[in-house]
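Heads up, there are several structures right after this.
Here come two complexes built around chain A, the first alongside chain B, the second alongside chain C.
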Partner chain A sequence: MRSLKNLVRARELPVFAAFLIVMGGTSLAVPHFFSGKVAIDLFLGVAVIAILAVGQTFVIVMRHIDLSVGSTVGFSAFLIGDAYSKGMGLGTGMFLAIGLGLLVGAMNGFLVAYLKLPSLVVTLASLYIVRGIFNEFATGQTIIESEVPPAINWLGLNRFFGIPYLFLIGFALVIIAGFVMKRSRAGRDLYAIGSNPQAAELAGIPVARRVFFAFVATGGITGLAGAVLLGRFNSANPNSGLGLELLVVAACVVGGVTIAGGAGTVYGAFIGAILLQGITLSIGALGIPQFWQQAVNGSLIIGAIALDRYLSTRVKTTTIMGSKNE
Partner chain B sequence: MLQSGRNEAGATPMLTISNVSKSFGGVRALVDASLDLYAGEVHALLGENGAGKSTLLKTLAGVHTADSGVIKLNGQEFKQGSTKASIEQGVAVIYQEPSLFPDLTLAENVFIGRQPIKSGLVDWHTMEVESKKLFEGLGINLNPTAKARGLSIADQQIVEIAKALSTEAQVIVMDEPTAALSAKEVDRLFEVANRLRETGHAVVFVSHRLDEVFALCQRMTVMRDGSTVGTQLIADTSEAQVIQLMVGREVAELFPKLDVQPGEIVLKVENLSSDGNFQGVSFEVRAGEILGIAGLVGSGRSEVVRAVFGVDSYDQGSVTLLGQRVPKASPSKSMSRGMALVPEDRRQQGLFMPTSIARNSAVTLLKKLSRGIFLSGKNESKVADKWGKVLQLKSASLLDPVERLSGGNQQKVVLAKWLATEPKLLIVDEPTRGIDVGTKAEVHRLLSEKAKEGMAVVMVSSELPEVLGMSDRVLVMREGRLVGSFERSEATPEKVIGAATGAMNKA
Partner chain C sequence: MSRFHITWDKGVGLFLVFTILLGTFSSEYFATTSNLTFIIRDVAEIAIIALAMAYLIIAGEIDLSVASMLSLSSATIGFLYRAEVPFEVAMVGGVLVGLLAGLFNGFLVTVLGLPSLAVTIATLALYRGMCWILLGNKPVNQLPSEWVNLGYSQIPGTFLPWTIIPVVVLAGLAWFVLHGTRFGRWVFAIGVNSQAAEFSGIPVRRVKLALFGFTGIMSGIAGVIYTLRFASSSPDGAVGYELGVIAAVLFGGVSIAGGIGTIWGVISAVLSLGVIRSALQLIDFSANALLVVSGSLLLISVIAPQVTDYVRNLRSTVSTTKQIQKNERVNHE
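On to the complex of A and B.
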């Protein structure tokens, strides 16, 4: 009974409802819109964003942001293909990809947690640094299908009971991360840090350590997402992952991960990613010029922020004791 | 109120603070402070603003580490310098502004960082049940699954106390817990504090309201200038004695007040009211006069001057400057009529920290200094130069960013900025908070000279010596109302503190 009530009140629900409305509306306007092919496109499109959104949620919940993920995910994808093409095997490639992610995460985390630099600026810098090194490393080359490790190629092409493996990887990660965020002390600390950083210090939470490791975890997940990105497109080039960071932040915000920290879940970010992908597909099916998609995404972000603001002010007026408060 | 009957000779103290000192830079915040605290007592900690109470509390909380001196808890050396260690040793500090997590549930706020764990995972159910028990134990009905956002200050304090109990704190320190509470909420807090006392906790209660101290506490310790100057049984003392202990010092040459002959009425405030902030405030200020407004923090002083200047709106009443009605809620109109406000919190309200000294000084004159739509840097520097000299500003260059200046010099820049508009009425809110004695004297000299030249000055201050030393007349506010008005000759510390704390009403 209580879980049902929680479900109805959940911030994620209106986002999912919006997704259903978009898909339903498009189906009415374009008969046969919702086919198996669209479902597969949806699943595949969501996979990478969903994984990146998991990491981004860790960071945004702490009132930080990580803009470096677009560069890191692209470079990671490239590294896996590059290692394989040089005969080093999938294991080495994955090691390099995740290692890169952890390294970038550690750099971001160190600067933000211990040197107290603003994460927006730090990760903007690492966005450029990683992309720059990536371009230098790749020297204009492209990873082509024959250079993609067969296991990754296979994961990208095959399905489990009709659902693409890549999506399932992302989904599994979302479930695990959601569980960790809800049921571990470290996960709860991230919410506390984002909700009131000074109070977190006073409560004895190891704030710097938590912030550092959250960035490291985000980096590691981003490296892993590189493999999924490679499997999705079966290729990689110096432009892979370009601009993805903003799409990921958008998915989080639309899904109710408030940019001011302290609130939101990876499930919400996941549903946000599904909604954005659904809109992309609908706009394609309706024959609307592609640039409108970005305008719609932008409007959604504003809508989400407005909704969050509305919800938080509504709570403010309902004090429990009814005593005066500013 | 019953005495606990605690006899100092009989029991050993739970907490002993011996000769603790602490300096920040050159400022000595604590000087040989000593305090004994017994289980089963509510112990009042009293003193003016800046007497060192907060530093002492923050040392107990693990925010600061004392430079010298010893703190012992139950005979063991108290480990300082870590908020976590303080909590683990059994000391809980509840700040004036409770520090809850608005996005988390009350249950989680109670148990954050120490959530009950079942097979490696946070056990939400147990956490909620335990919180509910704690709230009920305090006699308060709060829903542990509700978010903390929007909770009244009073309820937030209850959550903080529940949190303290959940850590099995023995010493519970409350820093001005009643400052933002209604009378009913204060009663409830007292019940909770008495319950804590009966269950063998030691409670430290910081308050400026003497009537509360006398109603709740068994003993009290007074702090002044960083030292503890006396500990007494409440039963053996009177409000007059406490005030004497709190004030205790000479009003020295720090206040070069010049004698003036007040001129025409510059500002007339009539029956000004703002719901929830202040009620029926009326006063006049004449040219050349310095009007001091005293009162406790939260008594509505700042709100009144903000409304007069137009930063905030008001519900009733009127503000008249030199015979002309000043439109409400328009700082720019107030400025053009000749009013200036130097706000309380200079970091947030008075200065553009990363911007140059020159620009900060001239920002109030942008229109005058502009050529067309562009600002003339030369004119800007000229203004800054002039006022920098008047104020004896110490800086390498007027192009330095303001944030590089010391607090005292920042305050001078704020003053320069407003004096540059050559106002008829200058309102200063806490003009010398947090600045060193030398700069303080300079600021006072400046205010006094400007008044002599015919400027009307309204000065809000929490520092009693400043109010008494600088003002021609002192108004006292309490709980949003004007409760006293004293001429310079008749304003004594006892009268002003008495009016501010409400002790006068009962005498």
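On to the complex of A and C.
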């Protein structure tokens, strides 16, 4: 009974309902819209954003933000292909990619957690620095299909009972991260830090350490997402991942991860990513020029933020009223 | 006690001198008039938007949608001109659209009470999307040549580009209003403590709304200059400029926590970044180095105040300890 109540109240539900409405509406307007091909497009399009949104959720829940993910994910994808083309194996490539992610995450985390610098500025700076080093390293080259490790190529092209492997990787990560966020002590601490950093510190939570490792985890996940990005496009170039950070933040915010911290789940962010991708596909199917895509996304984020604002004030008033009356 | 305090914005001024010297020594082409013209023209848009962004960040808000507003202004000009509206009217239209876009940001932040960071990430996408809706993927290139010439020609008899006039006038105005008027004091007061400002009778919401509108106008003006300079109105112009603007403003000594900042600091920062970019290009450094330099300067600009605070605290702790020891000695005697 209680779980049913929670389900109805959950912030994720209206987002998923919106997704169903978008898909259903498009199916009514365009017969045969929902086909296997659209499903595959949806799964593939969601994979990278979903993985990045998991990492971003860790950070936003703590009332921080990580804008450097777009640069890091592109560089990671490039590194894997570059290592393979120079005769190193997939293992070395993955090691380099995840290592890069962890390194960038550790840098961000150190500056934010221990030097107490604002995460917006720090990660904006690392967005620049990583992209600059990436472009210098890549010198305008492109990783072409023959330079993509066959295992990644295979994962990008094949499906497991009709569902692309890349999506399954993302989905597995979402489930694991969701469990960690809900059940583990460190996960709960992230929410406490985001709700009230001072109170969290006073309650004995090692705030600095948690913030540091959350950024490191986000970095590691971003490195991993590089492999998925490479598999998705079967190529990488110095512009890979450019601007992806905004799409990821958008998915989180639309999925109910509030920018003010302390609330939201990775499932929500995941569903947010699905909704954004669903809208992209239906805009294409409805024959609306693709030019509308960005404007629609923008309006959607504004709507989501406004809705959050409305819901949070409403929840507060009901609790106050409730305690007075009963 | 020394009277002269070396503050961050003065430091950036010195840094500007240093970068100019460095540029002069690194390349014989640096200190030529044509290169100076290039630098001024190159930083014009960022300088104009940075003036407004300085106000916003001092007041404790931020606007990430400035580059999209610039582009929306530019796209509006192209759209109107393509619809055979006179070019002069189209330019006014561009600035007006900038104002409206800025006011919409301000409405969402001050009336609905939404966080400006999240709101302007959303409008960054929204306004960019509107550029695409207005122009499609067909940029407008056939602009009247007498106007376009203004974008890259110089004031007759000098090496100064025409664009320096709006930059200087707007910088002077922004400097006067921020540092010389009651409104300017309000902006600082809001940034230090918005609630206290509210209680002392400052119309906080109206001031913030005005600042967002101001940022929109300045982005609109920058959009006009951008259109003239590149002789083109396209939907994908100035992508990522917001980061350059914010980097310049923070490097110029404006505190991201609000309440601190000066216009001359911001202008010095914009110019230093322009000078560095030009010097790096002249000594054949790639554009990538500039990305790394910008990022590092941004980091330095937030780390440095922390370090000076730390040193200051250390000093005061030392002096308090000495005082306590002294007192103890007195008590013993």
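The rule is short, and it goes like this: the second predicted complex is superposed on the first by the 318 of 326 C-alpha atoms of A that agree within 3 Å, B and C clash if a C-alpha of one lies under 4 Å from a C-alpha of the other, contacts with A are read in each partner's own complex, and residues count from 1 in each chain.
Here, a residue touches a chain if its C-beta (ideal position, glycine included) is under 8 Å from a C-beta of that chain, and two chains touch if they have at least 3 such contacts.
Note that the structure is predicted; figures quoted are calculated from it, not measured.
Asker: Figure out whether A:Gln198 sits in contact with chain B (first) or chain C (second), or with both, or with neither.
Answerer: The answer is first: A:Gln198 touches chain B but not chain C.
Asker: With both complexes overlaid on chain A, does A:Val38 touch chain B (first), chain C (second), both or neither?
Answerer: Neither: A:Val38 stays clear of chain B and chain C.
Asker: Applying the touch criterion given at the start, work out whether A:Val104 contacts chain B, chain C, both or neither, answering first, second, both or neither.
Answerer: So A:Val104 meets neither chain B nor chain C here.
Asker: Touch test for A:Ile129: chain B only (first), chain C only (second), both, or neither?
Answerer: second
Asker: Using the touch definition from the top, say if A:Asp189 reaches chain B (first), chain C (second), both or neither.
Answerer: A:Asp189: touches chain B, not chain C.
Asker: Quick check on the superposed pair: does A:Gly262 touch chain B, chain C, both, or neither? Answer first, second, both or neither.
Answerer: The first partner, chain B, only.
Asker: Tell me which partner A:Ala18 touches in the superposition: chain B (first), chain C (second), both or neither.
Answerer: Touch status of A:Ala18: no partner.
Asker: Taking the stated contact definition, name every residue in chain A that is touched by chain B in one complex and by chain C in the other, in rising order.
Answerer: After superposing on chain A, no chain A residue contacts both chain B and chain C.
Asker: Tell me, which parts of chain A touch chain B in their complex?
Answerer: Residue positions touching the partner: 182-185, 188-189, 191-192, 194-196, 198-206, 261-263, 312, 315-325.
Asker: Along chain A, where are the residues that touch chain C in the complex?
Answerer: 65, 111, 115-118, 120-122, 124-129, 131-133, 135-136, 243, 246, 249-250, 253, 259-260, 289-299, 301-302, 305-306, 309
Asker: Would you mind writing out the residues of chain B in touch with chain A in their complex?
Answerer: It is residues 61, 63, 82-84, 87-88, 95, 99-104, 108, 112-113, 115, 117, 121-122, 142-143, 146-147, 149-155, 182, 184-185, 276 of chain B that touch chain A.
Asker: Tell me, which parts of chain C touch chain A in their complex?
Answerer: That would be residues 62, 108, 112-115, 117-119, 121-130, 132-133, 136-137, 235, 239-240, 243, 246-247, 250, 256-257, 286-296, 298-299, 302-303, 306 of chain C.
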